[in-house]
Amino acid sequence: MPDEPRPTPPAAARPVEKKIEAPSGPPDPPPPADLAPPAFVTAAQAALGGAITQLSYWVGDWTILTTPARLLDLARVLRDDPACRFDFCSDVTASDWPARESRFDVIYCLYSTRRRHRVRVKVRAADGEPVPSVSGVWPAANWLEREVWDMFGVNVVNHPDRRRILMPDDWQGHPQRKDYPLEGPGELLLEDPLEWLRLRNAQSTAEIE
Amino acid sequence: MLQAYVPVLLFILIAIGFAVVTLLLAGFVRPGKYGKVKLEPYECGIEPLTDARDRYSIRYYLVAMLFVIFDVETVFMFPWAVIMDRLLVFGLVEMLIFLFILIVGYFYAWRKGALEWA
Amino acid sequence: MANAPRPMFDTETLVINMGPQHPSTHGVLRVVLRLDGERVVDCDVVIGYLHRGIEKLSENRDYTQIVLLTDRMDYVAAATNNLGYCETVEKLMGLEVPRRAKYIRTILAELQRIASHNVWLGTHAMDIGAVTVFLYNIRERELILDLFEEYCGARLTYNSMRVGGLPLDIPAGWDRKVREFCRIQEEKLVDYELLLTHNRIWLERTRNVGVISGPDAIAIGLSGPPLRGSGVARDVRKDEPYAAYDELEFDVPVGATGDTYDRYLVRLEEFRQSIRIIRQALDGLPEGPIVGKVPRLIKPPAGETYHAIESPKGELGYFIASDGKSTSPYRFRVRPPSFCNLQALRQLVRGHLVADVVALIGSIDVVLGEVDR
Amino acid sequence: MASGRLTKAAHGAAREGAARGDGAPPATEPGSGAEPRLNMIDIVIIPLLKIVIVFVAVLFGVAYLVLLERKVQAWVQVRLGPMRVGPHGVLQPIADALKLFVKEDITPARADKWVYTLAPMISLVPALIVFAVIPFGGTAHLFGKTVPLFVADVNVGLLYIVSVASIGVYGLILAGYASNSKYPLLSSLRASAQLISYEVAVTMTLVSLILMAGTLSMVGIVEAQRQAGLWYVFAQPLAFFIFLAGGLAETNRAPFDLPEAEQELVGGFHTEYSGMRFAFFFLAEYANMIVVSSVATTLFFGGWLAPFPNVHALAFLGLVPGWIWFLLKVFCFLYLFLWIRATLPRYRYDQLMRLGWKVLIPLAIANVIVTGAVKVLL
């Protein structure tokens, strides 16, 4: 192994390094007391108040925080409740806060084409913690969740078609994690560096041939 | 009578000769550097997963079959058309009967859905 | 239609790769088709061939440098990407943009929409076999590129906006040229329509091809012209106005049946609406500064936001999370409209023929630079 | 090996042809009473000369048709077209031919090598040999001899054209099959289905023309039009349109260019071809265009006849040699082909087949019946 040339420079001494130690998550500030929450928030609270762990308001955006376990209930309420009607799933994405125990925020940006309002739903999940797929509620989430899985490795479960979407099928690691270096996978991060190296060398010899 | 075909025959020979000679001549001047990847069949940059010579849709055979039926019957009409001057009403009636059978077959094929492509 | 006994004709299916090296997949899209004869039984859309990690890169760049990266996403409509990004950062920082800058941004964005639609119409028509329209469209697009070149010096990736306003004011006489362009484009639109709109073959090729109902389109996440083609009057410019759109008048065209022809008609009408917007914006172009009060160091407070604009392809959203300490975003996410629209392709092409696949890819109007980022 | 067989067959045919050429004079000797040398000239030398002229002219025409197509398309599309090779690009076809001649010729690894080589020839040869029976003009007086301006006037000319032209489709089918690649395969399936479908309609319309003319000879058909004082396009407009649509489809031209739709099938049956073998397909396609135009001219537009023979004021038109009229008419058709290609989108496979089987064929049958009935009753 030491004789082998290293596939990429080590991950150390990269600018990413200083990010890892940094923040432990977005502040998610609560709404100011004098601001009345809009109807869709109150309706969601009324329907299943227990599922909403936190409510946040920042630069005009409402964010509802919930747990992975209650995500699907909340999603259905948001879609079907007459005051909400969030029928359009704009975006599903995630952000990685490795300093936190449940390091991933999975963010669902929702929009209502009938009521014309927006809301974000946010779920915190640890590495490997199952997050139910919402593609049964909004089919649009299918590819978006695939991307979340591909880029972050958020464990999206009950997904109809959970494959990588942007990276090759046999890729190791999840590139948008904060501990994944910008220049590519260093062997330190790899789930099985030896296996990866073997595959890589096999591939490069195949290419030469 | 057959004299008229001599030039046609010559023409065919010259055309075949042209094709063969051009290919042979080109063989002398063109480069031939072969590589494995170069010889892959084209499939948009992906290595073909399956062989192309698979069984393909039966509809194509259906077309071929219909063609044979219709084209042969059409060719039967050529000599009829040439001597129509002499056949007159008899020829017309005869051909109408012939065409009637053809049309019945045509509508049968239509009703059966043989003319639905795709 | 087909009252033929189906099972009698069933045969083995042929798996064929369309793309990534294919003239009609608009870049490096790969569609794995499963064919029965020429009918598409099923398909799998494979993307990622143009993945450059723009999101990851952006998390390692300054806020000012990212404008340049956004150019590389939807390279047919780079200024729109700039606009969406700058507005998102402005929203995050609570910056006020001067009215003049808003108007010029609107003009640029609408010019860009026309340019993008020109590319779309040209390639779409070419996919269906009408080659000439492509050359006509490229001719008109060239005029827009000239306008952009005069404005910012670049012809494709403009880097034409900055957080808080614009890097440059419009050059003298530019507005007159834009008006002249609008006149030409309006005339040429008639040409395109003459070649296509009532052409029988065009109608046969586009009508009832890839029909998707309004609710289905919303559920699958379509946005932009494909969604409006299905009869849903949703346009971010109207519903959540940004830039100067709330001060300008325009209509949102919608289709009736949601087929390829409707999507075509919707985009053609958008040409006209864009010209209308540009004219109004030029008429009402206010005087004043082009950059607002922007701190020297762009460093938004900790927090996150999502902001969407209407790009030529649909809803272009940016999600930016700032940790409040760094001059680069902590998380930078783009919601590319093409990506979400492309997702509908599988649903659209099932049961259609190979030729329709090409027509449908064209009618969705994907730009792979944006799909893969 | 196959090519060996082919050349052997060709030799055999040559010998046979030579034998017939030699054997012919005695056959005519008693009747004509002329010296056999002259007959030799009449039967072999002059046709040979004509063949060479026609052959070279066709190849030349095909090459320049490519240039014409690029130029016409360019003009429609407000651009210039080829401009670099020679003044206004007039040497472009020569450059193209030279380039294709010296270009590497690749046979895919899994292809059926002999069929792969044979296919372009099967495609090209029929397209060229059709010209043997096409009358380019009436007669010309050269060196004190009356020379008919066609290679041969066989009494089954039309049948010859129909049968030879339908051989060409085998080239496409074999090309797609031999390539062992999916796009060419799909394309060749399309090609075979399309070509044979339209073949039926076209052949059927020809029957109504034969009814009018009462002969299968191409020259005879033109003469019949002269005697009737009527170009058949006016007597048989429906047949003409069916023939035109069918002709477009059989030559794989827009809007029926499905087999080679580059936007769908990336060039179709010749996707895998390069170099000279590709050039053969190219030549065949353009030669076929000229064939269809020539046949249309002969059958519907009076071949080499000058227009308005009955109008006194335009009698000077008759002074122009027939072959110029013929070429002019053919050119108009070719221009129409190019114009259509620059304007129209492409049909879809099922629509094309529907048009062929459910519209053109019934129309053609009806046309035959009506023509026959009218002919008998009048």
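The letters A, B, C and D name the chains in turn, as written, and every chain counts its residues from 1.
Keep in mind that, in the parts below, a residue touches a chain if its C-beta (ideal position, glycine included) is under 8 Å from a C-beta of that chain, and two chains touch if they have at least 3 such contacts.
For clarity, every value in this text was computed on a predicted model and none was experimentally measured.
Chain pairs C-D and B-C differ in how many C-beta pairs are in contact, and the one with more is C-D. With centres defined as mean CA coordinates, subunit D is found 46 Å away from subunit C. With centres taken as mean Cα positions, subunit C sits 46 Å from subunit B. Between subunit A and subunit C, the centres computed from C-alpha atoms are 25 Å apart.
Rounded to whole angstrom units, the spacing between the C-alpha centres of subunit A and subunit B is 58. Residues of subunit C in contact with two or more other chains: 14, 16, 22, 37-38, 353. None of the residues of subunit A touches two or more other chains.
Residue numbers of subunit B whose C-beta contacts span two or more other chains: 36, 43-44, 48, 56-57, 60, 116-118. Remark: the chains found to touch one another pair up as A-C, B-C, B-D, C-D.
For subunit A in complex with subunit C, the touching residues are 15-16, 19, 22-23, 26-27, 29, 58-61, 87-91, 93, 95-96, 107, 109, 111, 113, 116, 118, 120, 138-144, 151, 164-168, 175-176, 180, 182.
Interface of subunit D with subunit C (complex): residues 73, 76-79, 182-183, 186, 189-190, 254-255, 257-258, 261-266, 341-351.
Interface residues of subunit D, counted against subunit B in their complex, comprise 3, 6-7, 10, 13-14, 16-17, 20-21, 24, 27-28, 43-44, 47-48, 50-52, 54-55, 101-111, 117, 120-121, 124-125, 128-129, 131-133, 151-155, 158-160, 162, 177, 179-185, 189, 192-193, 196-197, 199-200, 203-204, 206-208, 210-211, 214-216, 266, 271-272, 275-277, 280, 349-350, 353-354, 357-358, 361-362, 365, 368-369, 372-373, 375-376. Listing the residues of subunit C that touch subunit D in their complex gives 14, 16, 22-24, 35, 37-38, 125-132, 135-136, 139, 195-196, 199, 201-202, 204-205, 353-358. Contact residues of subunit C toward subunit A in the complex are 47-48, 51, 53, 55-57, 60, 91-92, 94, 215, 218-221, 223, 232, 234, 239-240, 302-306, 308, 315, 317, 319, 321, 323-326, 330-331, 333, 335, 339-340, 342-343, 372-373.
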